[in-house]
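Each chain gets a letter, A, B, C and D, in the order it is written, and its residues are counted from 1.
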Amino acid sequence: MREEPGPVADGRDLGAPGRDGRGPAGERERSGEDGRGVPAACTPDEVMTVNAARALAGARTCFVGIGLPSTAANLARRTCRPDLVLIYESGALGAKPTRLPLSIGDGELAETADAVVSVPEMFNYWLQAGRIDVGFLGAAQLDRFANINTTVVNRGPDRPEGRLPGAGGAPEIAASCGEVLIVLRHSTRNFVDRLDFVTSVGHGAGRGDRERLGLRGRGPVAVITDLGILRPDPESAELLLTDLHAGVTVEQVRAATGWPLKTADQVSVTAPPTPAELAALRALRAA
Amino acid sequence: MADIRTLPEAVAELIHDGDAVAMEGFTHLIPFAAAHEVIRQGITDLTLIRMTPDVIYDQLIGAGLARKLVFSWGGNPGVGSLHRFRDAVENGWPRPLELDEHSHAGMANRYAAGASGLPFAVLRGYRGTDIPRRTDTLATVTCPFTGEELAAVAALNPDVTVIHAQQADREGNVQLWGLTGVQKEAALAARRALVTVEEIVDELRPRPGAIVLPGWAITAVAEVPGGAHPSYAAGYSVRDNDFYQAWDPISRDRERFTAWLRENITREGTQV
Amino acid sequence: MADIRTLPEAVAELIHDGDAVAMEGFTHLIPFAAAHEVIRQGITDLTLIRMTPDVIYDQLIGAGLARKLVFSWGGNPGVGSLHRFRDAVENGWPRPLELDEHSHAGMANRYAAGASGLPFAVLRGYRGTDIPRRTDTLATVTCPFTGEELAAVAALNPDVTVIHAQQADREGNVQLWGLTGVQKEAALAARRALVTVEEIVDELRPRPGAIVLPGWAITAVAEVPGGAHPSYAAGYSVRDNDFYQAWDPISRDRERFTAWLRENITREGTQV
Amino acid sequence: MREEPGPVADGRDLGAPGRDGRGPAGERERSGEDGRGVPAACTPDEVMTVNAARALAGARTCFVGIGLPSTAANLARRTCRPDLVLIYESGALGAKPTRLPLSIGDGELAETADAVVSVPEMFNYWLQAGRIDVGFLGAAQLDRFANINTTVVNRGPDRPEGRLPGAGGAPEIAASCGEVLIVLRHSTRNFVDRLDFVTSVGHGAGRGDRERLGLRGRGPVAVITDLGILRPDPESAELLLTDLHAGVTVEQVRAATGWPLKTADQVSVTAPPTPAELAALRALRAA
């Protein structure tokens, strides 16, 4: 549920209020207004989701937030990672939904799960113990060290704080999973120079901070957006642009990022979604 | 051994002005009907406790019955914001709402500590976050064996917990199945527990994945078919996703919300 | 995802000299066959962990394979003493046995802490007793909210946990039902987990009261029908109370025990 | 399981090794060697067990140790307290066994229970939270404040400690139940002047000690033996002889007690087992 964007400084919802951009501020509109060059055959959101699914190719188990992460994880089960074990904080271990769940507690998650456990057990025995390979999160605000804010935003002097949904499972998912993937749409509203609130720790103030804080997992290894992919610098842990989606330029990404974004020595271009990936994603969304 | 009551009786007997009330159910089995009865009876100044406030608390907050919210994730799942919650927090409408805010792991452990009769629980959480700045029910303890510093969260012991379940028998033994969330902990942590059920049956037939709460651990049971709507009860109903989506425009606007409340909850003869 | 192995393979791969081994099962589902295989393979210098050592550890201790026992109640349930345990503790035969002794509540919480990835657990226990004098895995912590002093017990994280279950499927997902004791915690607390099962089935049919351990949380599964005897597997066998009573005279006498071990466990071709 | 008596100083088992005195050192033999006067129609153990069952007449829920406590609690369900909820530490809440379980984990306990829970849940959510009215314990050694030893006995100089089974659930049962009943056979071996080890706290060093230790329940309210019943003095919490079974004298009880036993101002005589109680007890044992 952590993708829930909530309000931002101008009072509008950040990103799409509906799931996966199918709401009123959804992908079609944004694609149009941004004038981003994407293959006519697929939307930026589809490119993002397909790349997010691909990032799970090596994972055995994934703790899944609802929304974009859930779409990507379910797509991975239909493409690169059929055996991927989906874990939802509502208590479902090994859920195999046939349709995308709207909520994290949809009945099909329990019905198709290998096991259903209580919420305290989920967080204590399964998440906290470090048993989950990948935590898949969304974010309302993200900084250059992949720290996440989903709590409140500063709307400027004389205005009350804007309220976001809050932490949910994210702080401990970010702390305890073997590694973390983050998926969110790229804009200066989301990719900020300074978080208004640290809800979940990515790499803190830089390399070594996770160890200092005693966080057990490796932290964020990739941020997948509708423009490309950012990965932490091996030295500093600051996010570098490592991949662009086809047709996107480095300048476009920099313009959508609220800090002076560094790029990797070599910036790759992601392979376009294959027809099979696109078909699987569209079938999943239509189900 | 639990008392079998009508919903209005049970709410009147168990929930009082100023109580700390937990209505739990992680998306599944949310006790909406009991919350609507609280609104009808105008029970107010409540401290509302719930991991995911959801639409159920958006309604109670919008109705002006809450003075404080203890929670970990306040959104409309899969839809967007909880607008009544935001309006209360950001603008104090219809009254200011004090917050005590945790992570899911923290809330789950707070209930577990409460159910265990312990004053606090230990977890590996919150490290490096700004959450400790916003709550006084979070602290640290040091492991006496390893010296490691860990998070400590204060136990939750609601005055009353309300949950919805599929079935009870005539002694008030309760069975729920599907996603059972944190309901056992929430019910056992409370001084009083009210369970609304889809039906009261002669005998509980054990179900895979079910948990059973003995009647002697519960204060009262009320039969309320459909009492979780627009949430759901596995085996009885499906989640009314359309309602959750329809709630977004209803709740965005104070007047529209107020009209909805009057038309659907508080008007003579309404029973949602 | 768990490896499917024969019992001799699994024991040889997972259990090594010097390991801390938990074989759990609260009277029900005690993994006797795995213990017998440990005896046959002569795996020694073990730290044995179990709430109720029961006859299973009486046999391992008598066979001279244990250097330490971590436990909370060491009797032959419903019968009397564990004579091999007593002989080791009182007389050092066949070798001295170091003890780490707790209450059931403490042991259960030690496993739960281990399964939770925490270094310790908190409970309201041991107060006023002499138990703290005999263990260094017990300490106190002070509640940061109330100032109350509570017991802290060190987490248990066995090198390997062995449990017996009714069924596994071909991916190594395991289902057990009936009294499930502390097996989930013991298995999840361990670095490696071996599950012996009554049978491997094509598909696990969900059962009331069952717990399921996913195959990816388990290291190996071995099909060992009757592998809990003289304990039992609900739905497959009943507890062999006669054996538990017969064990009393067998185990009272060192020679008679040694002969029993030779005749029933270690002699070529024996499989108990 | 806490009744398990284990070895004593002379190396012999204390009391009966079999359940409820039906073993080789059972009630018949002891009745004979002690020459106790009991109604010919019933044994001292039967009188003890019937009185132990009667002590549960006001209880709703009982945390039951195996052996004598289990026999008494099951008898109560067949006589004075049909609705008594039996709770066994193996995880059974509301067990309704048709036969006496030999072990605390017999299959019938789970099959007939209202709910089966894990052992950690049993001790944390059900026992520790103070949800159980009565804890019913046995003991190897008991002192005048109803403190219990089930861990080790001192066998004198130059001899190793005698090993008893250990704590089991008893320390926390004694601490957390609303009140505690203790049932054991009366002899100077069991009723000792000074415990060799305090496994479970009754009233500590006297009235007020439980509060000082933060123990939440009221502690032992009665010790039911084959000779009579002891109850704590309201002032000092020291056990007083309050009831004798028919045909037993105060002198006999004092002779079987390892400290100078005080008596209540009025010592009552327990009503003999009724034919219905005896029939129920014998049917239970024969089942």
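Going forward, a residue touches a chain if its C-beta (ideal position, glycine included) is under 8 Å from a C-beta of that chain, and two chains touch if they have at least 3 such contacts.
Chain labels with UniProt names: A, D = 3-oxoadipate--succinyl-CoA transferase subunit B; B, C = 3-oxoadipate--succinyl-CoA transferase subunit A.
Note that the structure is predicted; figures quoted are calculated from it, not measured.
Looking at C-D and B-D side by side, the one with more C-beta contacts is C-D.
Inter-chain spacing, taken between the CA centroids of subunit A and subunit D, is 59 Å. Computed from the mean C-alpha positions, the centre of subunit C lies at a distance of 28 Å from the centre of subunit D.
With centres defined as mean CA coordinates, subunit D is found 42 Å away from subunit B.
Touching of two or more other chains is recorded for residues 112, 116-118, 123-124, 148, 184-185, 209 of subunit B. Each of residues 124, 128, 176, 216 in subunit D touches at least two other chains.
All chain pairs that touch, listed by label, are A-B, A-C, B-C, B-D, C-D. Residues 116-124, 137, 139-146, 148, 150, 152, 154, 206-210 of subunit B are the ones touching subunit C in the complex.
Within the complex formed with subunit A, the subunit B residues making contact are 26-28, 51-52, 71-75, 77-82, 85-86, 89-91, 101-105, 108-109, 111-112, 123-131, 134, 148-149, 178-182, 184-185, 209, 232, 234, 238-239, 241, 244, 248.
Chain contact summary for the complex, subunit D toward subunit C: residues 1, 4, 6-7, 13, 17-19, 23, 66-67, 89-92, 101-107, 109-111, 116, 118-120, 122-124, 127-128, 151, 160-163, 165-172, 175-176, 197-201, 204, 209, 213-216. Every residue of subunit C that touches subunit A in the complex is listed here, in rising order: 1, 112, 115-118, 173, 184-185, 188, 211-214, 216-217.
Residue ranges of subunit D in contact with subunit B, taken from their complex: 60-61, 83, 85, 93-94, 114-115, 124-125, 128-131, 176, 216.
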